[in-house]
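Everything below concerns the one structure shown next.
Chain lettering (A, B, C, D and E) follows the sequence in which the chains are written, and residue indices restart at 1 in each chain.
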Amino acid sequence: NPGYDLSAGTYTADEAAQDGLRRITVADTAGMPAAFVRYGMQRGHFAAQGLSVDFKSSGGGTTVIPSLINGELDIAGSNVVSSMIAIDRGLPVKIIAPGTSAGVDASRDFSALLVTQGSPIRTVADLSGKRIAVNALQSVSDVIVAGLMARHGGDFASVTFVEMPFPDMLPAIERGNVDAGFLIEPFGTVGRSQGLREVVQPYAALQPGLQIGGYLAAAETVESEPEMVAAFKRAVRDTARDIARDPESFRAALPKISNLDAAMAARVRLNQWKPDNDRAGMESLAAIMLRIGYLKEPFDYRRAVVG
Amino acid sequence: MKDGRVIGRRAGLFLLQFVVPVALVAGFGLWSERADDFFFPPLSRIAADFADTWLFERVGTDLVPSLARMLAGYAISVVCGVALGVLFGMSRILRTATDPVIQFLRALPAPAMIPFAMLLFGTGDASKVFIVVLGTMWPILLNTLDGVRGVEEQQLDMARSFRVPATARLFHITLPAASPRIFAGMRTSLGIGIILMVVSEMVASRNGIGYFVLQSQRSFEISAMWGGVILLGLIGLALSWVFVRVENRVLRWHRGARGLLPEPATASGRTGLPRPTTQEVTRA
Amino acid sequence: MRQAVEDEGNALVVASDTAGPEAVAGPPGRRAGPRGAADLAIKLAGVLAVLVVLELCSRFGLLPRRWFPPVSEMYAELFRLAAQQPLWVEVGRTLRAWAVGIGLATLLAVPAGVALGSSAVAYRMSRIVIEFCRPIPSVALIPLAVLVYGTGLEMKVFLIAFATFWPLLFQTVYGVQDVDPVARDTARAYGLGAAARFWVITIPSAAPYIATGLRIASSIGLVLAVTSELVGGATGLGRAIVVAQSAGQITLMYALIITTGLLGWALNAVFAAVERKALRWHPAQRQEVAR
Amino acid sequence: MLEVSRLRKVYGADPQAAPAIEEVSFEVADREFLCILGSSGCGKSTLLKCLSGLIPASSGEIRLNGEPVTGPPEDMAFVFQDYSRSLLPWMTVAGNVSFPLRYKGLSKREAQAATDEALDAVSLAGMHKRFPWQLSGGMQQRVAIARALAYRPKILLMDEPFASLDAQTRSGLEDLLLDIWRRFEVTVLFITHDIDEAVYLADRVLVLEAPAKVGLDVTVPLPRPRDQLTTKALPEFAELRGRLFSAIQGAPVAR
Amino acid sequence: MLEVSRLRKVYGADPQAAPAIEEVSFEVADREFLCILGSSGCGKSTLLKCLSGLIPASSGEIRLNGEPVTGPPEDMAFVFQDYSRSLLPWMTVAGNVSFPLRYKGLSKREAQAATDEALDAVSLAGMHKRFPWQLSGGMQQRVAIARALAYRPKILLMDEPFASLDAQTRSGLEDLLLDIWRRFEVTVLFITHDIDEAVYLADRVLVLEAPAKVGLDVTVPLPRPRDQLTTKALPEFAELRGRLFSAIQGAPVAR
C-alpha cells in the first residue's frame, strides 16, 4: 500500500518517477473526494495527460484558497457554494473542473437528511422552526435546504442551523440536541443502520445530478498555464467516466485509497462524478444564494468557471 | 519642584505605553492602504467594519454571550485549578497518582475534544464552558502546585510549631506564599481563555465572537474577520487591565518584599492597610 | 540587554561551572530505588482507576457506547497502530513542528520576559501590544498563516511559536519579579554587571517559573500542532484524526487522540525529569530529598 | 518533664551519612530554664527542631510528660534562628504576632491586646502596621520574639533569639524573658553563643560537642532573682563562665 | 578615602515619612578599620547600603576617593546582615564563594584556589559541595564571610558578620579579619552589636543614634597587633568599653 498514511497527507503516485511529466500539487477534502483523485492516479488517468500529481488532503475552503493564491497548491477541490462565495468576494480563483455530484436517482444519492424514528418531521416543509445540524454554515447544506423549502414550502428563516462535524451529528440527533442532520456518506449509511430515518436525499431532491464539488485554480494559473489546466480537466473527465463505467471496481479500491474499512466500503452509497461542469445546476444554486444573501452580486458563470 | 518632576515622570511613563501601539497602528494603516492584499484589507475599511458591527449592533448578541461563557469557564478553572493544585501540592501520593492523567489531559487538543464535550454536555453553553475549563485550568493548576511545593519550609514549621491548624496553615501560609505563582498562572490562563472561547464557538454555535470570526472567514469577509480579531485583542486588553489592578492589590506585599515598590508604605504607618498603587511596577 | 549578549559566552561558562559539577554530586544520601518503584505503582494505580471508570461508563451506557467506545477498545486499536509505521510517521510530523515551535518561542520569550520583568520602561512600552496580541486565537490566524507560510511545517511552527510565546513570556516576567532582593544586592555589591547578574541571579531565580512555563507551553504547543493539522490541513496526528473522523472510524479517532495525550504526558515527563535535576536546590524539590 | 534518650538525627535518606546529632540523652524538668551552648554546626538547631517534633528523629526517643513527641506539642512556641524567613511577608507586624493566637482560641480582642503588649515589651509599639520587610534585622528578630511571648507558651524554644540585638535591647529582653519565665512558669530551652547570657539566664547549661553529644551539663548555682549588674559581678558567675569557656574552647569544631 | 556628607535616607517615595537616616557626615580614611555601633533599627544597615551604592540616598553626598558613589564601587565586598538570603540556593557552597571571583577576572584555577583557602580559613573545608540550605545558621554566615574574604576587596563592608557564631569561632575569625586587613590593606566598615568586638577590632568606633546621626566618634588608642588575651586585658580597653556602653545606653531606642 505505497504512499498511504494515516493523515492521508501526501500521496505521490509511482508515475512521479517517470520523466517528462508535469508535476502538480493537488489538494482535496479527506474522504470520498480524496479517493476520487487517488483512484484517478492509480488508474493512470493523470499520467496519461502528462501530469504527475502530488496529492494532499485539505482542511476545507478557508485554507485551500490561500494555498492556491500563494502558489503552494496548483489545484484544490472544494464545494461549489464556498467557491462561488469566494469568487463573489473577489478572490482570484476559478472553478476549472467538476467534483462530486448528486446521484441521478435519489436512491443513489450520497446525501441524507436524517431524523429519529419518532420524529414528526416527514417532509422538508416540516423543518420550519427546527434545528438542523450541518457540517458548515454558509455552505452547501444550508443553501440546499433553502432551495428545497422554497420549492416544497416551509419557512427557511425559521430554521436554525447548527454547525458540527459529520460524526458528531448522529449522537446529536439521537440525543435530541438537534432535530435533524444533514449528512453525507459514509455517515448516512451509519445513521440509517443505527435506526435513524431518512426524510429526503437533499442533493438529489433539489436536482438530480446536481454538481456539489468543484476543482479550483488560481486565476493566475488559469491564465498562465492553460494546457496544464486543460490536462487536469481531461484527467478528471477520464476518471469520472471510468468510475461511471465501473463503479464496483472503484468501490473495491476504496479500502486502499481511503480510510473506509472494507465492510463500510461495501455498503456506502457512492458519489457520482460527471465529466463536465453543470452550468444549470450552478446557476440554480447561485440564484438561491443570491436570494438568501450569500452572494452579493448575480453569479457570472463565464467569469467564475473555465469551460 | 521635586513633585513637579515626579508628576512629569509619571506622565512620561503613562504616555510611553502608547508610543509603540500608535506607531504599529500607523505603520500597518499606511502599509495596508497601499498593499491591496485581499487578506490584509486597508485599516480604514477594517475600522469602518468594526464600527458597523461592534458599535453596538452585535454587542448583546455575540459579545455578551461569549464573555459570559468565557468568564464562567475561567472562574471554574481558577477555583478548580487552585483547589486541585493545593491538594496535589500537599499530598505526594495524590500528586503522584494523578500526574500521568493530568499530563495526559493537558495535551488533548481542544478542537479534538469538542465531540467528547458535546457527548457529555450537549450542544449548549455547558459544552463550551467545559472546553474553556479544559484549557485554562492547567496553567493555574501547575503554577499552584509548584507554588505550594515551593513554600518556604521555615514558615510552615513556624506555624506547625504554634499548632496552627492545617486549614489555617493552608489559608494563611500556603496560599499566600503560593499566590505569586497562582497569579502567574491566572495571567497565563486569561489569554488562553479568550482563545478557547473562540475555539469552543467553532462548533454548534449560533452566536459569539468566535462564531462571528469563523463565519466571516468562511464567507471571505476578511475585514469583518479582522474586526473580530481586533475585538478579541481589545477584550484581552480590558481583562488584563482589570486583572493587573486586582493583582496589584493582592500581591502588594510581594512587590514590597521583593523591593519592587517605589512607594512602600510610609514609615509612620498612619492609617489602615497601605493604599494599593495603581500601576504595575518593576524596578527600572 | 545588549551587554547581556556581549557577555553571554563568558557568563555561561561561569554560571555552568559554578553550579555544574557540584550540583551533580548533590546532597548526600539520595536514593531513587524503592521510592521510584512505589511511585510507579501509585502512578499505575491512578491511571488504572481512571481507565476503569471510563471503561465502565461506556460499558454501562453512561456514555453512549456507540460514540464513545470502551477505552479498552481504543487501546487495543492504539496497540495495533503502534505496531505499524504510519502512526510513528504522524507522530514524527507533529513532534517536529512542536520541537521547532517551542524552541523558537523559548528563544524569543525568555529574553523578552527578562527585559520586560526588569525594565519598567520596556514593560510600559510593550504592554498594550502584548495584551492586545496575546488573546488573538491561533485558529483565527490559520488562514493567514496558510497564506504566508503554506500548509507545511512553517505554518505549524508559526502557530505553535505564536501561541506558546505568551505563557513563556508571562511566566518569565513573573519569575524575574520574584528575585530575592538580598540575592540581587549581593551580586551587585560584588560588582557583577547586568549580564552576569542575568545568568547568575535572574535566570536561576526565575527558573522555577520558566520551568512551569515550559511545561505549560509544551502541552499548548502540542495542542496547537494538532489543531493546526486539524483545521489548517497540515499533515500529522491532527490530520489523521480528521481523516479517521471523516471515515467514521470513531475508535481510531479516539486512539489517535489518546496518542496525543500520551505524547503530552511523555514530553512532560522529560521536562519534569530535567527540572528535577536542574532545580534540585529549590524547596519544591528539596522536600523530596531531605527530612 | 522532657526526656531525651539516645536521640540520633541524620539528614537525608542515607543512614550512612554523617549524623547531625550523634547520640544525645538528657532531661529537662518542668519550669526549668535550660541554655544550650555549642560550636557552630554542632547540632543545636537540629536538636531543638527534633524536640519540637518538627522534624523526625532518626532514632531514639523524646518524651514530654511521659508521652512520646511525634508532632509539635500544645502550648509550645519556637523562635527560629532564621527569623527573617519565619516571618510571613504578607502579614503586617501585628498580623504576624497575632496570627497563632487566633488558633489558640483567643478572641479577636484578646489576641489584639496580647499582641499590643508583646510588641510593647520588645519596644516595637507603633510598628503594628508595617510589613516585616520594612524592618531592620533586629526589629524582625524582635517581632519573632514578640510572637513567641504573646503566645504564652508552656514550653519556649529559642534558637539564638537575641543574636541581632544590641547590648542594651538584649539585656532588656533577657530580663523580660526571665520575668515571663517566672510569672508564667514556662519551660525554656534557649540556644545562645553568648556564655554570659547563658549563665545569666539559665538554671542549667548544656554544652554540646560536635556532632551533638552532651559535653558538659552544669547547674548554675546563682541565686534568683537575677540582675544584670549584681549577678554578673558574683564570683560564681565568673567562675562558671570560665569553666564553660574552656569547655567550648576544647570542643572540636564541627566539620 | 570615603567621605559622607549630610547623608539622609528616607525609604519610600513620601519625603515626609520618618527618615531611616536623619543626617550623617563622617569620613573614613583608606585602610582604616571602622566599627559602627548603634541600637537596633537605628539605621546602621541602611547606612552601609547607601555607602555601597546599593540604594540611593535621599539627599547628601557620598564620595569615594573624590568620586561620587552612584553604584557599587569596584573591589568592594559586602557581608549582609541577612546572610542566609544572600547565599544563592542554587549554588553549592563553593559556587557561592567563587562566583564573584570569576567575574573579577580570576581564572578558574585561581578562583578555586582562593575559594579553598577562604573556606579553610572559616573552618568550612570539606563543605564545598553542600548547598547552603544544608548548613547550620553559623555555617551559612561563614560562607558569606568566606565569599567576602576570597574576593580580596579594597573596601570590606560587614553587617553583623559574626552574630551567629560561637565565641571561639568568632574570636578566631576576628583575628583572621585583622590579619587580612593588615596584609591586604583593606578599608573595613564593620557593624556589630558587640562592644568588645568593636573595640578589639577597630581603629575608630562610630556610635549611631536613632534615627542615624553620629552620636560618638572615638579613636581606639590600643596598640597593634592585637591579641585576644592581652589587648582585652589592657586598662584602655576596659575604659573605652565602658564609655561606649554608657553612650549606647543613653541613646534613645529606635521606634
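The criterion applied here is as follows: a residue touches a chain if its C-beta (ideal position, glycine included) is under 8 Å from a C-beta of that chain, and two chains touch if they have at least 3 such contacts.
This one's a predicted model, so the numbers in the text were calculated from it and none came from an experiment.
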Maximum centroid distance from chain D, chain identifier (CA atoms): A
Inter-chain pair with the most contacting C-beta pairs: B-C
Chain centre separation (chain C, chain D; CA means) in Å: 46
Approximate Å spacing (C-alpha centroids) for the pair chain B, chain C: 19
Centre distance in Å when chain A and chain B are each reduced to the mean of their C-alpha atoms: 41
Geometric centre distance via CA averages, chain D-chain A, whole Å: 83
Multi-partner residues of chain A (each touching 2 or more other chains): 62, 66, 69, 165, 167, 171, 175
Chain E residues counted as touching two or more neighbouring chains: 11, 82, 85, 134
Sites on chain C at which at least two other chains make contact: 27, 64, 67, 143-144, 147, 180, 230-231, 238, 245, 282, 286, 290
Residues of chain E touching chain C in the complex: 49, 52, 54, 71-72, 74-78, 80, 82, 85-86, 88-92, 94-95, 98-100, 102-104, 108, 128-131, 133-134, 147, 151, 157
Chain C contact footprint on chain B (complex, rising order): 13, 16-21, 24, 39, 92-93, 96-101, 103-113, 115-116, 119-120, 135, 138-139, 142-143, 146, 149-153, 180-181, 183-185, 187-188, 190-192, 194-196, 198-199, 202, 210, 213, 217, 225, 228-229, 232-237, 239-241, 254-255, 257-260, 280-284
Residue numbers on chain B that touch chain D, as the complex places them: 152, 154-155, 157-165, 168, 172-173, 176-177, 179, 253-254, 256-257, 264-265, 267, 269, 272-274
Chain B partner contacts - residues on chain A that touch it in the complex: 61-62, 65-66, 69, 82, 85-86, 89-92, 133, 136-139, 160, 162-165, 167-168, 171-172, 175, 177-178, 294
Interface residues, chain C side, partner chain B - complex: 39, 42-43, 45-47, 49-50, 63-64, 67-68, 116-121, 123-129, 131-140, 143-144, 147, 163, 166-167, 170-171, 174-175, 177-181, 184, 208-209, 211-213, 215-216, 219-220, 222-224, 226-227, 230-231, 238, 241, 245, 257, 260-265, 267-269, 282-284, 286-288
